[in-house]
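These notes are about the structure you will find just below.
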Amino acid sequence: MREITFSEATLEAMSEEMQRDEKVFVMGEDIARQGGIFGQFKGLPQKFGVERVIDTPISETAIVGAGIGAALAGMRPVVDMHFADFVGVCMDEVLNQMAKICYMFGGQCTMPLVMRAPDGIIRSAAAQHSQSLEAFFLHIPGLKVVIPSNTADAKGLLKAAIREDNPVLYFEHKALFPLKGPVPEGEFCIPIGKANIAKEGKDVTIISYSLMMHRALEAADKLAGQGISAEVIDLRTISPIDKETIFSSVAKTKRLVIVHEAVKTGGVGAEISALVAEEMIDYLDAPIKRLGAPFVPIPFSPSLERLVKINADQIVSAVEEICK
Amino acid sequence: MSYQADFLRALYRKMVTIRKFEEKIGELFLGGELPGFVHLYIGEEAIASGICSNLTDEDYITSTHRGHGHCIAKGANIKPMMAEIFGKKTGYCKGKGGSMHIADFSIGMLGANGVVGGGYTLAVGAALAAKMKKTRQVAVCFFGDGASNRGTFHEAINMAAAWKLPVIFLCENNQWASTTPYRTTTAVENIADRAVGYGIPSNIVNGNDVFAVYEAAKVAIERAREGGGPTLIEAKTYRIKGHFVGDPEMYRTKAEVQERFEKDDPLKNFVSDVLAKGWLKKAELDQIETKITEEVDAAVDSARKDPYPDDNELYSDLYVESEVNLRA
Amino acid sequence: MREITFSEATLEAMSEEMQRDEKVFVMGEDIARQGGIFGQFKGLPQKFGVERVIDTPISETAIVGAGIGAALAGMRPVVDMHFADFVGVCMDEVLNQMAKICYMFGGQCTMPLVMRAPDGIIRSAAAQHSQSLEAFFLHIPGLKVVIPSNTADAKGLLKAAIREDNPVLYFEHKALFPLKGPVPEGEFCIPIGKANIAKEGKDVTIISYSLMMHRALEAADKLAGQGISAEVIDLRTISPIDKETIFSSVAKTKRLVIVHEAVKTGGVGAEISALVAEEMIDYLDAPIKRLGAPFVPIPFSPSLERLVKINADQIVSAVEEICK
Amino acid sequence: MSYQADFLRALYRKMVTIRKFEEKIGELFLGGELPGFVHLYIGEEAIASGICSNLTDEDYITSTHRGHGHCIAKGANIKPMMAEIFGKKTGYCKGKGGSMHIADFSIGMLGANGVVGGGYTLAVGAALAAKMKKTRQVAVCFFGDGASNRGTFHEAINMAAAWKLPVIFLCENNQWASTTPYRTTTAVENIADRAVGYGIPSNIVNGNDVFAVYEAAKVAIERAREGGGPTLIEAKTYRIKGHFVGDPEMYRTKAEVQERFEKDDPLKNFVSDVLAKGWLKKAELDQIETKITEEVDAAVDSARKDPYPDDNELYSDLYVESEVNLRA
């Protein structure tokens, strides 16, 4: 299969969807002239014009709010958050408008809006440019949240998100943008709400998503060398969580480790662990392990930043602990 | 200036409907019949009515916590409005929204909003859509003097100005934000003065004179339709009722309010205007008023009788089925 | 012991702390002229002047941001959120400034700031005026989060929060304000970070906080009638969570139910459940149950609103399920 | 206007320190020695230097992502600054902050900020504290043309105006917000025009003329100290360097920038001014420059040698022990 970068994969998704439906447009800071900080919008203005690929003022509140308004008026906006860290600036729009409008108004409207948000740690971007904040949105009824880990998913999930009539947050890890990977030719969507079994196994279930999937798969390889067969699940969608896939894997392996880059406390791992502890506890042969960032803002110095990132060895150790 | 009688009748109908509806709501709330909070628009009828008389069902408005008047002026039906405020299944939002969250998408009423200042950016987005689709629709964003201090005011007007979007920002300066007087939180005499900072035109009108509002809105809306971009209009008025029904109003005297209302009631202003100019007859006005009183009573009657939503309604309307999911 | 309302208890705390330290002041919307929507600031301006009890513009971002700035400049501000639902408006200030400044700047400063936020469901206030959003803040390192359930705690926790040199979010349930309860005479602080065993028991642990504590205690009474002895823990502090108290209770009872008014998915209950599933699973004799709001915005109509509130019978049923 | 030689030397020292420091940072970053991102202040030295020469260590400033110049002008020591940018333990923030998060509370520098527009409200809060404590301190909030479109601009200035707080809002209008030209996102010619909407005075100055900046700031700061409330100053300048070091700058030509810089370099402007007026001698200036070059080199040397933070530093500084906890 052909290989393209994650960034290119998202570009294909945008291009195809903008081609397919002229109601799709995108707005955000520095996306037209610059093509996005990570090149993820490169070439789109040339193809679709600056009327549909819009450089905005530095006004995240208005960007998201206007996205909501445009969606209510029949468009299908994609809005770019620049960095996921800035979602606090427009949190009211996400929490109280985007997520609630359709329900609150008794289903009179749809909300075909995608919010793209580059997240995660890269190169000492420090406390305000490195966060993974997806867990907040799990707790907000009315949203859907997707978070691809690889090039093909990047394309398929973005296309699905754009075709959704519900609001979708699309988190894309900054460190993934330059990564190359296989992507099928032609159009395809990846269904929202379905997890992917990235690797089958029988001794332990490792659940992850986004960049950490790469660490999880690395860990699974190492574990295979030790005779431990890990099943690795890529959530792909954080909300709604695919309980079925998780539960059937846990029923099989009886052991569970959850891995994310976000702060461990109150993270997505907590919800998954709690779901399993509530509905599948009898299947478990070991404690449920969670790996996530320690409870600190992300420090700048490389010597400290390194300590908040999860690596494959930590995952291996966690698995070993519950597999002995 | 002169107006068609039909136009004047329609205008009166809007204003009286708002007045009667709101009086009834106040009564029902004090009688303990209504859940939630209600914020009345009494005394500000001329604003929504004057503005919306320039709009078609294709145009958009965004509203506030004090939204009943905007709804009615934009053409909403008072039956589902009343039912919604009662929390009934037959309401505009099937009882899920209530007084602070009434919307009617079929007439471009994009919703009341419980978040003060939450509507600005939605209006900008609707206007952006209109511009992209080249439909000549406009969006009107209603907001209060208090709301003018939210950051969304700034971001929305700046964006609309930079992109020359067809949106009218309509400040209802009723001098109060809940218990807080306008000038204690804002150092500038007129909200309209802020237009200078965005390079857009502005206008200050007597919000209790429906004709003044109508004419100012007409110019701004025409301009917006022609691609001339946003206008900031400030309608000066006064909040006659408490912030919400039940407000003890310790922060001002009843006499002060009563005097203000007697001197400058937008509805009385209209009536004396049209009678003095001989545009409409007293009998016509009375007839309209009687009819509306009946309509409001009928709305109450049916809302009372209507059923509450069923338990299984709890989960509906959260997500819609999307094309992509159906195909997956 | 004398009985006063929850609202009065918070007033005593404010008064005593403002008396004790002139650096303490409070600002928010409609707190001076009105005395707060729930009367929780009544009389303070008369005592301390409108220079220290400040009515603000409707500018939550500036209210919180100015609170942060004033704290950095040596004051001890208390800021009022009016309704917890509006915290999205100033989420960037909470997430990226208040919580991170001390760490990011290497401990150069302190952040003695309290944010008070009335939350919870009352009387069909609907989707944008009824939320319980405390779980977001569990996931943000740098904050402390307290949430009293009764009059005495309301006073003691507020006083402790005001004396903290770290930022504290203080959530107060709107339905609690008028409730009367015993409050000791004189000054006292309740330590932040310590849970309270509200009722001892041996068969099951029920963890809750805020208004739901009242339901939990009701349920415990009913259960006692059925011969089930429930230990009821009032968290008091959401962050940091008092693992020790939770763990020793679970070690004793071997059964756990967590109850909160907030949406179940991604709520505080998820974190507690996950902590126990990670560190205490071997003690458990039953699945960990969570009770929280269903996954919808809070509907207006009384007939629907009622369905999103947890009642004592639901808690009883959950306990019965895991105690059979 | 005439100035003391000492004052002029100090001014020159500030500006040259910024220039040399930033040139060195650019070099180090391109050499791959620095982690993170860096945004250079080259070409804008006159602004921070002119403003901060009116301030004492008791006064406050809030800064931006482009904060090195503000730090230096406020009196920060370049050794811990350099160490911080290297991510070393000896840095101002013990390596936890980096370029975008340098602060020095001992001199009232309340921090750079990675959130554009994040500083406004903090400055307002510091000014509020100063007013409450009656200390005559002022706060200066630096912000960019791009940042002027954030809602925080509006909320902060309105609040400061309504409460007459001692805060100066200082817009560094360098014509660019990252890759986006000022006039494409803002419909108004001058950010300063926005002052009208808050009822506060404003001033537009040539940001490349340190004396113009100094004098304008002096008036505003004096006014603020006397209880006259906030002023909005717009310093017109131009962003000479890329948005960050490494920016490919596809959105403008190098020639355009070079020409601009050659014609209007604030440092050259200063030098030719003081020489022409005979206020300082060339030799003095050269001596200052040489000394500063050495200081910057020394800062680099020691930063290079300094240790990285230890692993156990990860958890420190998250919470401080509070009195109440110690007593509990």
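For the reader, a short list of remarks on this structure follows.
Each chain gets a letter, A, B, C and D, in the order it is written, and its residues are counted from 1.
The rule is short, and it goes like this: a residue touches a chain if its C-beta (ideal position, glycine included) is under 8 Å from a C-beta of that chain, and two chains touch if they have at least 3 such contacts.
Given the structure is predicted, the values throughout are model-derived calculations rather than measurements.
Two chain pairs, C-D and B-C, are weighed by contacting C-beta pairs, with C-D ahead. In terms of the distance between Cα centroids, chain D is separated most widely from B.
Work out the mean CA point of chain C and of chain D, and you get 39 Å between them.
Chain D has its Cα centroid 45 Å from the Cα centroid of chain B. In terms of their C-alpha centroids, the spacing between chain A and chain D amounts to 36 Å. Each of residues 93, 95-97, 101, 113-115, 149-152, 155, 158-159, 162, 184-186, 318 in chain B touches at least two other chains. Multi-chain contact residues, meaning those touching two or more other chains, occur in chain A at positions 56-57, 59, 61-62, 85-86, 89, 92-93, 96, 103-104, 126-128, 141-142, 295-297, 299-300. Considering their complex, residues 29-30, 33-34, 55-62, 85-86, 89, 123-129, 294-297, 299-305, 307-308 of chain A touch chain D.
Across the complex, chain B is touched by residues 25, 51-52, 56-57, 59, 61-62, 64-75, 77, 92-93, 96-97, 101-110, 112, 141-142, 144, 159-160, 163-166, 189, 191-194 of chain A. For chain C in complex with chain A, the residues that touch the partner chain are 85-89, 91-96, 99-100, 103-104, 126-128, 133, 135-136, 138-142, 239, 262-263, 265-271, 273-274, 276-279, 281-282, 284, 286-290, 295-297, 299. Residues 60, 62, 91-97, 101, 103-106, 110-111, 113-115, 118, 120-130, 132-133, 137, 139, 151-152, 155-156, 158-159, 162, 316-325, 327-328 of chain B are the ones touching chain A in the complex.
Those residues of chain B lying in contact with chain D across their complex are 149-155, 158-159, 161-162, 164, 184-189, 193-200, 229.
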